[in-house]
Amino acid sequence: MSPMVGALSLLLVILAGLAVLPFFGSGYVVSFSIQVFMWMALAGSWNLISGFTGYVSFGHVAFFGVGAYTGALLITKAGWHWLLAGLAGSLPAAALALVIGYPCLRLKGPYFAIAMLGLNEVVRALVSYFEGFTGGGSGVSLPPILSIVPVYYAMGAVAMAVTLLTYRIITCQFGLRLLSIREDEMAAEVMGINTARLKLYAFLLSAVFPGIVGGFYAWYASHVEPLSVFPLLTTITMIIMCLFGGKGTVFGPVLGAGLLSVFQELVWARFLFVHQAIFGALIVGVVLLMPRGILGVLQERYRLPRTI
Amino acid sequence: MTSVQITGTMLFQLVVSGLLAGGLYALVALGLSLIFGVMRVINIAHGTLLMLGAYTTYWLFALAGMNPFVSLVVSIPILFVVGAILQKLFVHRVVNAPELSSLLLTFGISIFIANVAMLAWSADYRSVEFLTGSFLLGPIALSKPRLVSFCVALALTGLAFVFLHRTKTGKAIRATSQHRDVAQVCGINVRRIDLITFGLGAALAGAGGSLVSVMFAVYPEMGQVYVFKSFLVIVLGGAGNYPGAFFGGLLLGLVEGLASLFLTAQLSEVIAYILLVIVLLVRPTGLLGGRA
Amino acid sequence: MPDASILDIRDVTKRFGGVTAVNRCSLALTPGKIYGLIGPNGSGKTTLFNCVTGIEPRDEGEIRFKGERIDGLKPHQVARRGIGRTFQIIRVFPELTALENLLVVTREPFETARRKAQELLKFVTLERLQHEYAGNLSYGQQKLLEFIRVLMTDPELILLDEPAAGVNRTLLNELLAAIARLRDQGKTILIVEHDMKVVMGLCEAVFVLDYGEKIAEGPPGVIQTDERVIEAYFGR
Amino acid sequence: MKRHWFGALLVAAMVAGLATSPAAQELKVGASISLTGTYAKPGKYTQEGYLLCEKEINDKGGLLGRKVRFIIYDDKSEPPTAIKLYEKLITEDKVELVLGPYSSPVTNAASTVSEKYKKLMMATLAATTSIWERGFKYLVMTISPAEVYLEGLVDLAVERGLKTIAVINEDTLFSKAAAKGTIELAKKKGVQVVFHEAYPKGTTDFSALLIKIKSLNPDVIAAGSYFDDAVATTRQMKELDVNPRMYGVTVGGDLPEFYQLLGKTAEFVYGSSQWEKSLPYPGIKEFVANYEKMWNREPVYHSAAAYGGCQIYAEAVRRANSLDSDKLREQLLKLKVSTAFGDYQVDERGFQIAHKMVLHQWQDGKKVTVWPAAVAEGKPLYPTPPWQRR
């Protein structure tokens, strides 16, 4: 019981620290933290579908982008409060997940990954095309944001929600069943597990949060445009963060997002021109040397429960 | 927004330029298809290899004044070696791993190479001003660089087929792609075949790059669009169906051309995607049949 | 007596491209018995299993389970009606623990399921390894785990695809005893097996497939002397 | 492995800490510029303009008696990165003045940060009107708006009695505004717009677009472009034998690289520019000479705009004798000057109303200013001969 208590109190201390951070940190620190929370939520969401079921969503940023546009349009055209508009970003993201997940989750392996990759490109093209509604390539400008502190808490709450949900899932049979799909879908199906439905549920859950994060991001960035909210690199970044921390674990995405964000911030500040190349090398390194991620390795070596 | 009357001439002109583009897609996609067929690896770095081929041609042209089509004899072997090295160092470790590993690994390789290229050669757009202008056939303009590239692409694709069907190594590659385990049991050195296949795939991408360089700008991220297109071609033609890749390429060029004529360039991508999903769902073995 | 059959396969055909893997195959199983399904390699035994469990939808014919049509159902729907199966190649969930491998498949409340899972683990003497990842277990242990995973859902009909392959003598005897006990509990079992001793010792009736067609059926003793069967196995 | 990681992080953090520790006397000026990514090329010219400005201010004894130091980061041509960087510049580096980044999209994003912290941003390279329609108080514009980039092309077309125009543009903030402005100008002057279509950023194959245009055979083709697409459209017009009587592009046609890449194909192409080194602006000769000395190459308009905007900002600081944003704004709104970059005056929104565009044409490998008449170096070569006869 004692290590459990220790871990819990550590967690509480960290949470308390984060809760008061905006009162001490500079605008830059708060802004940086918002982006770290954003990555935690995104990496955690990706984990829900891909870490658990093994279906690689290579276009997850589509949900983020759709959420961002929803938020932006609700704020500018309908005059909604940003918090509500951000939360509303989850709805079209879920709708998109339903429409695309229903047919595409039947595709296996690389075909699903490529279909998702294409999805992102298509959503971006459509957003650009329906110019009257979305502003096309010039995007949507929002009123300037006066304080980013509320966004800090909102984004933090989403990151926490994703993590708690992941914990909840992993400790119930739903989570085990998702894992069984990853391990051997056919065997799971033959054992009476309705894999199609479970995959769709997981996909929906994993789309909802990027939608919300996107909505908040729109408010935070004060501007959305197709190129800035649908980049493939965002998907890759969330994947690599999740992988680095440990896919299929609770705190893997959190750890991965935190460490890599700090790392990127430092590298990018110091080594201006090589940081992208370093990122590429990092991806190769993670895939080849530690595909299980930090927590995955610890889990295996020290037989830690899946709930770390 | 557009109020263009579509005429027969335009239609014909677009069909022609669609097919010209398609020939190149076919060549590039064949490389991806070989790698995918043999190793089940989607090589996201395929476009980057194409870029390296394009730069090879560019530099030979800019520094030594070499004819870009002649430079194929340099870019093909160079890219073969690059491909083989990548296979030897990295890719072979993920051949039997879940697809996430190979997707990410090749993506990582791709941004690494592209950014090193950017450091070395800057992000500037460069071009090989070799053949410019067009042959005029009445109202139809046949772009010189595209026409010649198309013919060369066709010839190279043909050569690749001859290699696959007539040589021992080529046959071994086809056998491995049809049944990896059986091929192994039959005494084929699968590791060696992987190496050759990746080299060959990279060489085809490089050749594609050399040909692209006479038509479009050369820059470090030029290859990105070709990865998705190539995959689309594979799906249309059927995975593991190499002649399918050829017809898939032509088909994609045609569909893109027509979509951008009747709709807009932006929507042609959407049409291509819808086509992809439908084919995957309705005929997962590709329009021309292949291995599921 | 089709009504009394628990599984009734009628004229089932399955083709792959130009190859007919199962050809107008019919067989009926009476509840509470152990059946064998034998035939040379590639004779369509596993394909037939796949058709029954919905993995590969049959092209023609009918499959009834307890009188109800099950052809056309998805695998999980077939499973939920009470058909469990194992695979020729082991398909445990390697990164789930032994215990989780069992818990994942039931639809019972957690505590009941847990108790049942632990009983089953004890039944095959794997309780010590319940928190070990299934992928880390030995081949034989995985085989046992896969076997008891089928039992977690209490199926009435169990299809076993080569349960004895690669299992050592001691383990095999335990396994055979367990299968016999299941029969005594009223379950119906259909076994694909190459080990003739197993088939002969355990099965009450045997079906023989060759090139996708059923060429013989009957008690093991009779089958062993059937000319067509001998021909199928030893060439014609 | 893990220990190395943390060690590396720690060292990096310390280095970062040292590098940004404040030097008391310096007046810090911050900006992010696209040094990598799509806008890298014009971004580089922008940076060079800023650094020349920094050097000259310091050579003349600095500002308000203090040396100035420019802190410039790379925003990778990404608006979100620019947001983070301006946040860092203002709250961590504690810069006292901010200069704008390169391009409209990035400025659009970055200006929300300066507005939030009430730091006056001198936006040197943003030309899109809509940025000044957001009601920001602390944002001042240096260059002419996108909408008038091709005014010269339309003007010359009208002079020659041309009747039809086709407009294409990259689907991004600036290019769209440029196309929209061109269309409105054309309509106002009685030129019929027969075609308008946007293409996504990153397009390399313009066949379909050009084939459609070819079938309409317009007198004029106007492209709201950046550099890469301008080069590609020009090449492909030749390949598809599209022969308008006049053809002009917004950005790209003015860079020396345009001719370097295209050679003779670039002949007769019109390009618009915010600035040319031949223009009769005060101090322009010195600027060009100093720039060439410092960077070993000719300045282009991006360099001049960055330099000019920076000089105007410095002038406002001197006149206000303060770094207070409200006082600076007051000065900048009433300032009316001409620098090496040309005329400067803004309205109450901070929107540029005095600066003038020019149009040039590539003639025999030289960029010849052909519009407006008052500053023209030569006459436009007209009409453009068909490709087959060049």
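Order of writing sets the chain letters: A, B, C and D. Residues in each chain are counted from 1.
In the analysis below, a contact is a pair of C-beta atoms (placed from the backbone, for glycine too) under 8 Å apart; a residue touches a chain by one contact, two chains touch by 3 or more.
Only a predicted model underlies this, so the values are computations on that prediction, with no experimental measurement involved.
With every chain reduced to the mean of its CA atoms, the largest distance from subunit B is reached by C.
With each centre defined as the average position of its C-alpha atoms, the distance from subunit A to subunit B rounds to 32 Å.
One inter-chain figure worth recording: subunit B and subunit C are separated by 46 Å, centre to centre, where each centre is the mean of the chain's CA atoms.
Computed centre separation for the pair subunit C/subunit D is 73 angstrom, with centres defined by C-alpha atoms.
In this assembly, the C-alpha centroid of subunit A lies 42 Å from the C-alpha centroid of subunit C.
Multi-chain contact residues of subunit B, defined as those touching 2 or more other chains: 118, 264, 266.
Contacts with at least two other chains are made by residues 36, 171, 198, 200 of subunit D.
According to the touch criterion at the top of this document, the contacting chain pairs are A-B, A-C, A-D, B-D.
Of all residues in subunit B, those touching subunit A in their complex are 36, 40, 42, 90, 93-94, 97-101, 103-105, 107-116, 118-119, 228, 231-232, 235, 264, 266-267, 269-270, 273-274, 276-277, 280-281, 284. Those residues of subunit A that touch subunit B in the complex are listed here as 50, 54, 56, 58, 103-104, 106-107, 109-111, 113-115, 117-119, 121-122, 125-126, 128-129, 236, 239-240, 243, 273-274, 276-277, 279-284, 286-288, 291. On subunit B, the positions that touch subunit D within their shared complex are 1-5, 7, 9-10, 13-14, 17, 21, 118, 122-127, 129, 132-134, 136, 141, 143-146, 216-217, 219, 222, 225, 257, 260-261, 264-266, 268. Of all the residues in subunit A, the ones that touch subunit D in their complex are 26-29, 31-32, 35, 125, 128, 131, 136-139, 141, 143-148, 220-223, 225-228, 259, 262-263, 266-267, 269-270, 272-273, 276, 294. Taken in their complex, subunit C has these residues touching subunit A: 53, 55, 74-76, 79-80, 84-85, 87, 91-96, 100, 103-105, 107, 110, 131, 149-150, 153.
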